[in-house]
Amino acid sequence: MFDFYFNFPLWFRLPLQGLAVILVLFPLAAACSMAERKISAWIQGRPGPNRTIAPILAWIPGMGVLQRLGIFQLAADGGKFTFKEDGVPGHVNKFYFILAPILAMIPALTTVAVVPFGAYLDSAGKLVPIMLANVDVGLLAVFAVSSLGVYSVILAGWASNSKYPFLGSVRASAQLISYELSMTLSVLPVFLLVNAPGGHGTLSLVDVVAMQSGGWHGFTAQSWHGLWGVCYLPLSAFIFLVALFAETNRQPFDMPESEADLVGGFHTEYGAFKWSLFFVAEYCHMIVGSGIFCLLFLGGWNLLPWLPLAKLAGLLGIAASPLLTGGLGIVIFLGKVAAFIFFFMWVRWTLPRFRYDQVMKIGWQRLLPLAIANLIFYLLAIALTQK
Amino acid sequence: MIPLTLNACLVLSAVLFALGFLGVLLRRNTLVIYMCLELMLVASTLALVAFSHFNGTLDGNVFVFFILTVAAAEVAVGLAIIVALFRKRHTIQVDELNSLKN
Amino acid sequence: MAVIQVSRKPLTFAERTYLPQIVGGLKTTLKHFFAPNDTMEYPEQRPAIPPGYRGVPTLVYDPHGREKCVSCQLCEFVCPPKAIRITPGAINPDDPTAHVEKRPQEFEIDMLRCIYCGLCQEVCPEEAIWLQNQYSTTGLSRAEMVNDKQKLYELGGTLPDEHFKWDKKKAAEGGGHAH
Amino acid sequence: MTDLLFNLFAVFTVACAAGVVLCRNTVASALSLLLCLIGVAGLFALLNAVLLAVLLVFVYAGAVVALFLFIIMLLDVQGGERLPFKGATLASGVLAVGLLATGVLSLATHARLPAVAAASPAGSTLRDYAELLFTQYMLPVQVVGFLLLAAMLGVIVLSKKFAGLEDIK
Amino acid sequence: MIQPAKPADLVTVNIDGKDIAVPKGTNVIEAARLVGVDVPHYCYHPKLTVVGNCRMCLIEMGLPAVDPATKTPILDPATGKPKINWMPRPQIGCGTNASPGLHIRTTSPLVKDCREGVMEFLLINHPLDCPICDQAGECKLQEQSTGYGRGYSRFIEQKNVKPKRTQLGPRVTLDDERCILCSRCIRFTKEIAKDDVLGFIDRGSHSTLTCHPGKRLENNYSLNTVDICPVGALTSTDFRFKMRVWFLKQTNSIDPESSVGANTVVWSREGTIYRITPRRNDEVNDTWMADSGRELFKAVRAPDRLTAIKVHGADSALEIALNAAAKLCQDGGVAVVGSGRSTVEEQFLTKRLAATLQAPVYLVSRVGKGDGLLVSADRNPNIRGALVTGLIASLPEVGKEGAAAPIRIGGLTLPSGCPFPVGNGTAPLAELAAAIAAGTVKTVISLGEDLVIANLTAALLTKVSVIYLGTQANATSAAAKVVLPTLTVFEKSGTLVNQQFRIQKFAKAVPAAGGAFDDLMVLAKLIAAVGGPALPSDLTALWKTIAAEVPTLATMTYANLPDTGLLLDPTPWAGLPFVEGETLHFKPAAAAVASPT
């Protein structure tokens, strides 16, 4: 039913998809920022932003609830970021200074393209993933592109030409490179399982979800496929989780910012719109990272273990409608992502920041050996069981 | 408009290699020299990929794996050497690293 | 001095991974997440002012509407940051309170200087200056932050007070003790 | 379409490569290298080697150049070069490059390479790569693995100060 | 105070165990003061007769016991000291004079009980007025109830109510409730002011201070009753409710209204003077001063105060004005009108100015009727300073009394009924007038003197260029080409030489009014501008020059002058016809002519 779309010429589809990414991710990031404020407030026992409202809207009944939830704070923030005077300090390297936030947006927005965020059943009863670009290197592409994100931090810190941003960016570059290793290694067992002998050789995230989409077949080996990745790859999930926190510069790993000792870290000299780009990029990273984690370890768009989307659609009697099934899949997936983002924020307001040497120690001396051991364990396990 | 042919790819690869070579010869900053070395390596991978593509085999591509691996190892060691050098001599300019000259 | 060496209990493996502690922390924060807010939403909700609160110093009238201050200037003298400025003056003989003879012509308290120490209230022999429960003073200019006599009486109002020293004296003037 | 993209990427890559050589600022050189690599990745993709393109970006752009920048900032030596080149080295360099260019040009014009017009790759799935790597090229894989190990140890030896071994816990 | 006594007149008394030799006739309060013991008192005043009616100064006294048989002192066997026969009842300290061997106890339980009792009785009917009372802070009742009182009241009955706010005279307000009937004011008016207007009427708790029928307390010394009133019963109408005394800064000053040079204290707060009170100087004014001198501070903030430098009527800057003045002087024909109100330092600089310009110096005499007390006939406070510094060699000509307009003090409208001794005679500066008329004088420099009052008519002034240095606007400043505002006596420091040839110093009480400049600085710059030597304008530095040049003042510095002044040797001017008659501590020399009354 979406064939008409694929009949459009490529030059029309690509900008449309790009626009869709921007139009979806920006509000999502904004919503995340709102959620962050509210969640931090509630965890700290205060109400959080709850005053902002446009005077015109105040007339509409029921707006008060939204106001208390701080919805309009979003618009206020956005307006401020957009219209505030966007100064460039005199001592910076102007070209790279302006380039850095733009560079931050590129990987943040690009990675979404290869993340499947739902699936529907086509007329043949086959699950078709919903994603913007289906490349079979899947996850590798995400890693490759998101690894470019480090450049914005490095450039921002270097171009700011002042010591705190500089320190922040040096820390960031070392941290990002360090945790990339563990992250990649932790994911390998997932694909070892996907590509186990008899598999077809892929890095596609869709196939990872497909692996977790099995039904209940009694206490047989087949029932493994109904479980989620986190059940049989707990260590991988854990390492990936920790590395994800580090890669997205979230607490307790937000070395590049660490406002207590570095003022504002790499974006100390930034303000207004340029700063908001960094801000949005961080949330985009968070969203994409949460999505990847859900796909890899939390069953993607499957509601529960042993209850894949197709089965759920059948139970609900909507399997015939691709639109409804797709919508259901997207809702389930986004729900998981939202929950995971909540987890991000929950952790942020729970754990204190690590010291920088601790970050390095955890990355190289704990996480990396653990990831290697994990990998070897699964290598052996697969080699022995899949004879 | 130059069509995408093996020749074109090879010429492009050669140009990149030559540029990297030029950089190695001309620049005095060890870091930049290293970057130019990387450039030469990348140029060679381009030729390999082109060969592989136009030959219809994957062997060239597979070699790129090895080159990437070796390049990564080389960069790690090279940068470590540069850092060690800088700690000792407080410079990374090749023409200032001339203690063997006299 | 006996020094007792207490050896620290070695951490268990679980403790060294920190994971139980992290989970415990997450539990705590989640509990707070659902707990009701501790914050008071200020303009709508106001704190209960405890008795004896030292808010903005004010001048008060006695229950008969007489301004109690006789401008003895002790508060001006005692004020540590010199926030008080009084211009004394005589009361007009045809004024109903003429028997008090003296009252402030001007009475200014610079709230930018005031440190709310309460010494003025402490020293006042007429109990005319009170630090009441007004705690929020704002202004857009320095001049606005100087409370003049009118403002001070507005803030202070009337305090129920059974001291009628001056009125008793006035009553005695008509009594048998007058000479 | 492919030709157009090829040309675009080629020009872009060469320009960026020139930037690496010519930029006086070390950071600018490194960024040029980054862009150059992205251009090469694009060329790889055009040559049906998407996996290699992604790997190139992952390994080179994601780690190697970042490492370069990290070292540049660590040593804080950017902009230290007085002149990019010396006269003599310039002359010899141009001569060498000229010779190289002549060779390549003669290769391009005289070598009769088989005019295979975009032969379809034998298949570029991961499985094909894996089969080649772990059968035919098993020995090189092992060798490279040892090389990596050696490099890792070498880096540790080089960068760690061994004044007091007890420092390493 | 008590005159230095011959050693033979000294008697030894023992106060609280300490022996001290005091002149015979000294009462116990004064003797105790010499050993640093404070005997509280209300009615006693060292300059007034002793009446002993407050009973506050009760002490225990005793004399050594003498063996009637041998006429030798009986020794106490325990201590080996003479045995004292203490009187069983306490005595008043003010009325007990020192006699040989007198023993006094001021801290015994009996004395303390007595004081407490007296205080309690004094306070019974005293109103709780302290918050509004002007005496609060310098009130003896407050001080001594703190020091010797019982601290709380046992009196539950209603207090007496007496008239408040009675106007005894134009300047004194009486609050009868506060009066403790010490009678100091009555004795003062009778004994010092010789104007017996006050007295008590009624008896017991009805006793009230009042004026005798048909009389008012309106003599020129009425405010001294306020000063000596130990409580807040007598208050100054002018100072009433103006400011609490504890805020006021005290600065020693000199009353400039006449050549008596009464010592005063100027009370000011934050640059505003609130009142002037006398300062005790037993050689000059005892503890008194005239009412007329207490209002002079109002000139500082008077509406006619000059606050801007004017050159040809336009506002100008000091340097420009000095240059303009120098230009007016450069053609010669300059006359300097000095002033008997200037300080010694200013007169010294005036002399140097005249010397530089080779100009004759004239002085305006200012003569009124002396009251024989603290206002002398010569209303110039420093005419002798002009003689000492050599500004003038002989006294200015004295005009006929009443021929000129009254002296205006800073443009004040003084309260009606104030019997200021305003009869004045200023001599016409006849010589100067003639010179102006003849055209030989083209420029007149006036140092604060109104030439029109000095009988130079406005028509004459149009013929000359006037350079005026002064504090208040007048006809001369209006006619002047160059006006340089200067400081009043309260804004500067300096010295004056009074009729006894006593050089006395006064200090700056308040900062200079905006726009006015220090006289010394202006004069020094003017001297420099007209081509004279560079002279210091700083008082300490200037005194070095003065001491070097003026033989009478050699060895003196400003800082070294005692607060009570220093007598100069008057012999060089002994023959001059000074106009003053007798005042409190001054008797004119035989050669002096009587005042022109």
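Letters A, B, C, D and E mark the chains in the order given here, with residues in each chain numbered from 1 onward.
One rule holds for everything that comes next: a residue touches a chain if its C-beta (ideal position, glycine included) is under 8 Å from a C-beta of that chain, and two chains touch if they have at least 3 such contacts.
Note that the coordinates shown come from a computational prediction; the quantities given were computed from them, not determined experimentally.
Considering the contact criterion stated above, the chains in touch with subunit A and with subunit B alike are D. Any chain that touches subunit A and also touches subunit C would be listed here, but there is none.
The minimum number of touch steps linking subunit B to subunit C comes to 3. Greatest centre-to-centre distance from subunit B is found for E, with centres as Cα means.
By number of C-beta pairs in contact, B-D leads when C-E and B-D are compared. Chain C has the Cα centre that lies closest to the mean of all protein Cα atoms in view.
Relative to subunit A, the chain whose mean Cα position lies farthest away is E. Measuring from the averaged C-alpha position of subunit D to that of subunit E gives a distance of 102 Å. One simple way to say how far apart two chains are is to compare their mean CA positions; for subunit B and subunit D this gives 5 Å. Here the spacing of subunit C and subunit D, counted between their Cα centres, is 74 Å. Here the spacing of subunit A and subunit D, counted between their Cα centres, is 29 Å. Listed for subunit D are residues 55, 63, 67, 74, 128, each touching two or more other chains.
By the definition given earlier, chain contacts exist for A-C, A-D, B-D, C-E. If you check the complex, the residues on subunit E that touch subunit C are 127-128, 130-132, 136, 158-165, 176, 202, 205-206, 208, 240-244, 246-247. Within the complex formed with subunit C, the residues of subunit A that make contact are 39, 41-47, 50, 346-347, 349-351. Taken together, the subunit D residues at the contact with subunit B in this complex read 2-4, 6-7, 10, 13-14, 17-18, 20-21, 26, 29-30, 33, 36-37, 40, 43-44, 46-49, 52, 55-56, 59-60, 63-64, 67-68, 71-72, 74-75, 77, 80-81, 84-86, 89-90, 92-94, 96-97, 100-101, 104-105, 107-108, 113, 115-124, 128-129, 132-133, 136-137, 140, 144, 147-148, 150-152, 154-155, 158-159.
Contact residues of subunit A toward subunit D in the complex are 96, 135-137, 140-141, 143-145, 147-148, 150-151, 154-155, 157-158, 166, 169-170, 173-174, 176-177, 180, 195, 200-203. Contacts from subunit C toward subunit A in the complex involve residues 22, 25-26, 28-30, 32-39, 41.
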